[in-house]
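Pasting in a structure now, in structure tokens, and then I'll have a few things to ask.
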């Protein structure tokens, strides 16, 4: 029996929620970063499942754009994180809070 | 007739010259210049009087220029010459000239000598403008002008705190009265469309009774303020802080009579408001009685005379209230003579006892100051109403009309006449007779008579006090003043039908009462200088009226002002504004806490915002 | 370029030129000379306008109307009638005196610059008949006065300046929304997008809209005048500002508020003005008495004069909302008179502050003994402000009270008490400062010639306008009666007939 | 030409790209590549002057093209290009002009100061040009994905620029925060696009608009969800409350000239895209999204003003002030009429020029008191009016222009927004807007007050970072170009403040054809 498209959407939504939750709760910067990527991939899944449901190739093409952007983000994000890491041994998001008030 | 312009111009010139060159003119010259200016005004007053002798028919109005006009209101600077105003300018400038002369001597050696005459000349100018103004606002200029001059003159010796506050008190109490003047003027303008006296001719006014009453009562409030009637008389007592010539000129002869003049000038309206007239009469006689009682217990010579002035003014208001305008004006003129005389007499006593004013430290001065003593005795007899002195005729006329109006008023008037004779007698006996008590005041050597420049005015005034009665003898054909003022008052003048016998009876009772008063004062104060039985505390403190005013208005007023400033304005009204600013800053502060610097808290808030938006979207979608 | 344009352009250009005047530091008093020259030229210009003004012609004179921002329908539309003329003359005169009074400052450049900009802004506000242009100039006056208070003021001038700016700005924020809404309603009615006052005057506004717009406009003017309860900024600002600035604040900018009420509130919303007259009159009367009572409780001379100014502005507002020609003329004349004697008062206070370094009455005393001439001058100005007949304060007050008495009797009766109250606090203050003998005999120099010359023109005007105000009144009266007729003739608001208070009787 | 023939033979169908449409992007990108090429080939010695010249030429060219497009757009029908993904109409042309203006000012002001903290490298200019290109792509994007790509190009370039002075702890922290929050909001924005795509079957704005006009979705939950997520993405970028939390920290942490550039460029790009998306794609759903936008606008205006009252750090105050401005621009979007859009554009260009100018001044102030591009507290400004009167006066004017002082574009910008809001009869919203402006005046005046009050106390040594080989030429020369930039912005602000008609006409022609 074929799995209705909406299930995929639900899975994607769950994945997205998971990613968001990950960014919110995990203190380690690297894990936050990974959850961010997870959210982007969840969106890819949504695109693909919609493309399949709508039977339109546009959605799938968009996935490639998302991938490209995600890659660019990774490069820059890791660059920043490494720069921070070089000053301090362990890096948690809460340490980085001298800019406040 | 145009000379009225000069009557006004001379004191103004005197004021301006003294203002600019006064300091350089120095001690005596400034005084003489001032006296000259007022004398010039007196001469021009006589010229006006002579010119007027011929045609007393209709009043002459000298129009100078348009003062201000807006909408329906047109006010011009114009002076009115009619019986009343001529009488007034004659006696005002006359008395003023004498008092200027007197002041040259009295104020000798005072550092601010020239400034005294600046204010005096300005005062005479304002007074003359007041009595000859043809429009109510111009009269108000004179009215407040004399008020301001009395403020400056009372607080002339400003070093003394009591003098400064006395001056301020005088001005403020006058101002309370002046609000009545303003409101009265507005009512007149509203109903008659004009503020000029020429519009206020008797008979042509279509005022409803209660409007007329309102107008009269409002103007009476002003008169009460200026002529020290019952509710607003306390300032006159404190006004004694000023130099004695000031008391003589302003607080005896001229300014205080402005209220009476105003009422006389408004006689056409008074004629339409009988209830208001009754009020005036009652207040007048009540003031007379209260002041007379208070005068019996004063120890300060000037306070006694001040209370006496208030009392005599009460009589004049009684005359006005009972419609006897001529009698009131007659009493005003004669009163000016003997009251000025008494003040100047007291002034020369004070002058010779270098400043001592308490009668308990005087006594037996008749040996050292013969002229002053004689003139004071003459003044005493005329104010008491002993025939044939002027007081007898003028007070008699007022009492006669009072009897015509209501015997009750007459009775009160007679009792007060008795008191008048009594307290003036007390003054004369204690000051001039009895044992000398001035040793420690004059440091051993005897008091000397005042210089001639001071005694001459005393003598002139004494003469005037004595023969003043001739102005308006009750005998037909000799009522010069009556006929002179008839065209002014016309129908407003009340004429009570009385049989000749009744008139003679009344005159007789006046004489008897006067003599009784003299006798009583001789019996009580012939030898002794203190008698607590007769000098009750309540009268000494002026029935505690002033004390009551002080606590009710002055103290609470300051307290309220204090609270209004510090609490109401700073905390409440301003507080509201700074409160709003405070709340804004509070929220600002909260903002800083939200900005915790933690990335994850930012994310949380963003997601929170998103959830709110999604919630909203769901409700919209669900609809 | 009409006269009015020059009136605005001269000080504006002056203000722009001042920073670039190539003058070395020690000869910087030349800059003050330059400022003085500009203000004198301005005075001459104003005089010329005064002479050319034809008091019989109705409507606005010296009109210039040229497009400015077409897409918003904004035009540079200037015009002058009786009210504007009188206020222009006052502004020009007070500026010359303020320029003279400027001394003891290191940085003349900024001082003169801001003062000239302030003059240009005031002239702009008085003459512009385009609501946008009026609003822009009305706002522009805030900036120079803020800098004058904050930089050259005394005491806690920083806080006072910010409070002044924000308070007035908040008021004018409502004014802006009011103006734009009015223009929009007019546009949607007549499809003509314009900000010009004459065009906007015949917009048909429903009762509630007209009420809301009236409140929005009046909010800004009430803060500026000030009217009770929006006055709490004025004591702080007047006390903290340097003397030349406070002469402008109290003398000229306070009139912006009352001028705005006459020009915009009454012309645009006549029926609401009529139906809300009772509220404005009550606020005015409260302002008169409240100002007097608080002034009596005040310890500091500067703040005392500020509250007395609140009380006197209360009279002016009273005259405006009495809707009688006498009252209106009186209040316009009183605007000029108040400007003159308050300016004189503050100049004298400046002299006291220079000599004793304080305005706290407890520390002042016995000045009459040390400086009798100064005391006499001070007494003259005090008497003018108290409204002694023969001096300029009286005429305006008298006309206002007469005008109010005719139409709103009981407000006038209560307001008359203000005449007494003003005597109380003024003379009490005079006594505490001049008569009370001072314990420490600290010296108090007699008035110097330079200072006397500074105050002389104002003293002359105090006496002259007191005795012969006819020339001014002749120019004010036609405009005043035109405004009053406009308000009374306007039929009730379009929809709900807001009932007129029974008290308004037909005007004689 | 051979290459073109070879391509044409290939079986794949190349989309017809009209280079006229994408000219602005090409110019900027070309400029960036050229700078990189030159710096790569020229070897060790860096040629900052040459890089800056190239960047300036690129910026001017981009401005020229946009101006030409604006002139062209006057009559042209809907002009889509690149298979409907890029639209070039009056609106995008005007946005291009604004981008050019920002670039011009930023190139003049920025590099001089960046040199002190990060040497002469060309990267700063390259990043600036690239991010500008991102903004123009967003402005011209007719397809949600294209807008997303433009957004990412802009954002990622900005993340790097914020962290440009990687040595400084604050800058690193700012970059990190901006990155994480930016990434998160982009992800959400993307998810929004996906949902919209799911609901309407296309990501092309015109097609979405057409689709929604034709068939009314029974349960449009998915579409509205997507809409909300899109709004979050845009809201974050323009720092509307409650998505503004990043901006105070990042504005303070980032080097001042970057902050100035970012404050202007990010908003121009985001608002251009926001207006186009909501005007073309979701015109039908105006009833649903309007309340959200007005909610965001009011929150931003009011809290933007309130939160700044207690701030002591200059750049944080200016951050909140730009949040307040964002609120005002959102009001313009909320008004939604064609006139409102041109007024919003007027506000955008006025705001952009003032903000870059103001931050340029802050850089000059910091440079003259020895604090290099770091955070600058109000107390350090004390007594500036005594030491540098000209600088203090110009700064005061620019700050007051932000406050809405008359005779400046700031005033006319706020005025035009109030006019638009009143035209849709939202009087109370206008009142709230102006009252927030009144609150804002309080903190603007605190800045001015700090400068004009008090004596200049000696500057306690701000730990000046070790500057890698910064040329130590006299500050005057370094600030010369910055002064030109600042004066240009001043002349623009006051000039168009007094005679705004030309600028208003320009904005009026910038209507969306889409």
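Annotations for the structure displayed:
Lettered A, B, C and D in written order, each chain numbered from 1.
Here, a contact is a pair of C-beta atoms (placed from the backbone, for glycine too) under 8 Å apart; a residue touches a chain by one contact, two chains touch by 3 or more.
Everything numeric here is computed off the predicted structure, so don't read it as measured data.
Averaging Cα coordinates per chain and for the whole protein, the chain whose average falls nearest the overall one is C.
Per-chain CA centroids place chain B at a distance of 79 Å from chain D. Inter-chain centre distance (chain A to chain C, centres taken as mean C-alpha positions): 65 Å.
Between the CA-based centres of chain A and chain D the separation comes to 26 Å, rounded to the whole angstrom. Inter-chain centre distance (chain A to chain B, centres taken as mean C-alpha positions): 96 Å. Residue numbers of chain A whose C-beta contacts span two or more other chains: 20, 23, 93, 96-100. Residues of chain B in contact with at least two other chains: 581, 592, 595, 597, 599, 603. Within chain C, the positions touching two or more other chains are listed as 166.
Screening every pair of chains for touch gives A-B, A-D, B-C, B-D, C-D. Residues 19, 68-72, 107, 109-110, 132, 135-137, 139-140, 143, 146-147, 150-151, 158, 161-162, 165-166, 169-170, 173-174, 176-177, 180-181, 184, 212 of chain C are the ones touching chain D in the complex.
Those residues of chain B that touch chain C in the complex are listed here as 65-73, 112, 115, 137, 140-141, 143-145, 148, 151-152, 155, 158-159, 161, 164-165, 168, 171-172, 175-176, 178-179, 182-183, 185-187, 189-190, 193, 557-558, 560-566, 568-569, 573-574, 576-577, 581.
Within the complex formed with chain D, the chain B residues making contact are 581, 584-585, 587-589, 591-592, 594-595, 597, 599, 601-603, 605-606, 608-610, 613-614, 616-618, 620-621. Across the complex, chain B is touched by residues 176-177, 180-181, 184-185, 188, 219-221, 224-225, 227-229, 231-232, 235-236, 242-243, 245-246, 248-249, 288, 291-292, 303, 306-311, 439, 442 of chain D. Only residues 385, 389, 393, 400, 405-407, 411-412, 415-416, 418-419, 422-423, 427, 430-431, 434-435, 437-439, 441-442, 445-446, 448-449, 452-453, 500-501, 504-505, 508 of chain D touch chain C when the two sit together in their complex.
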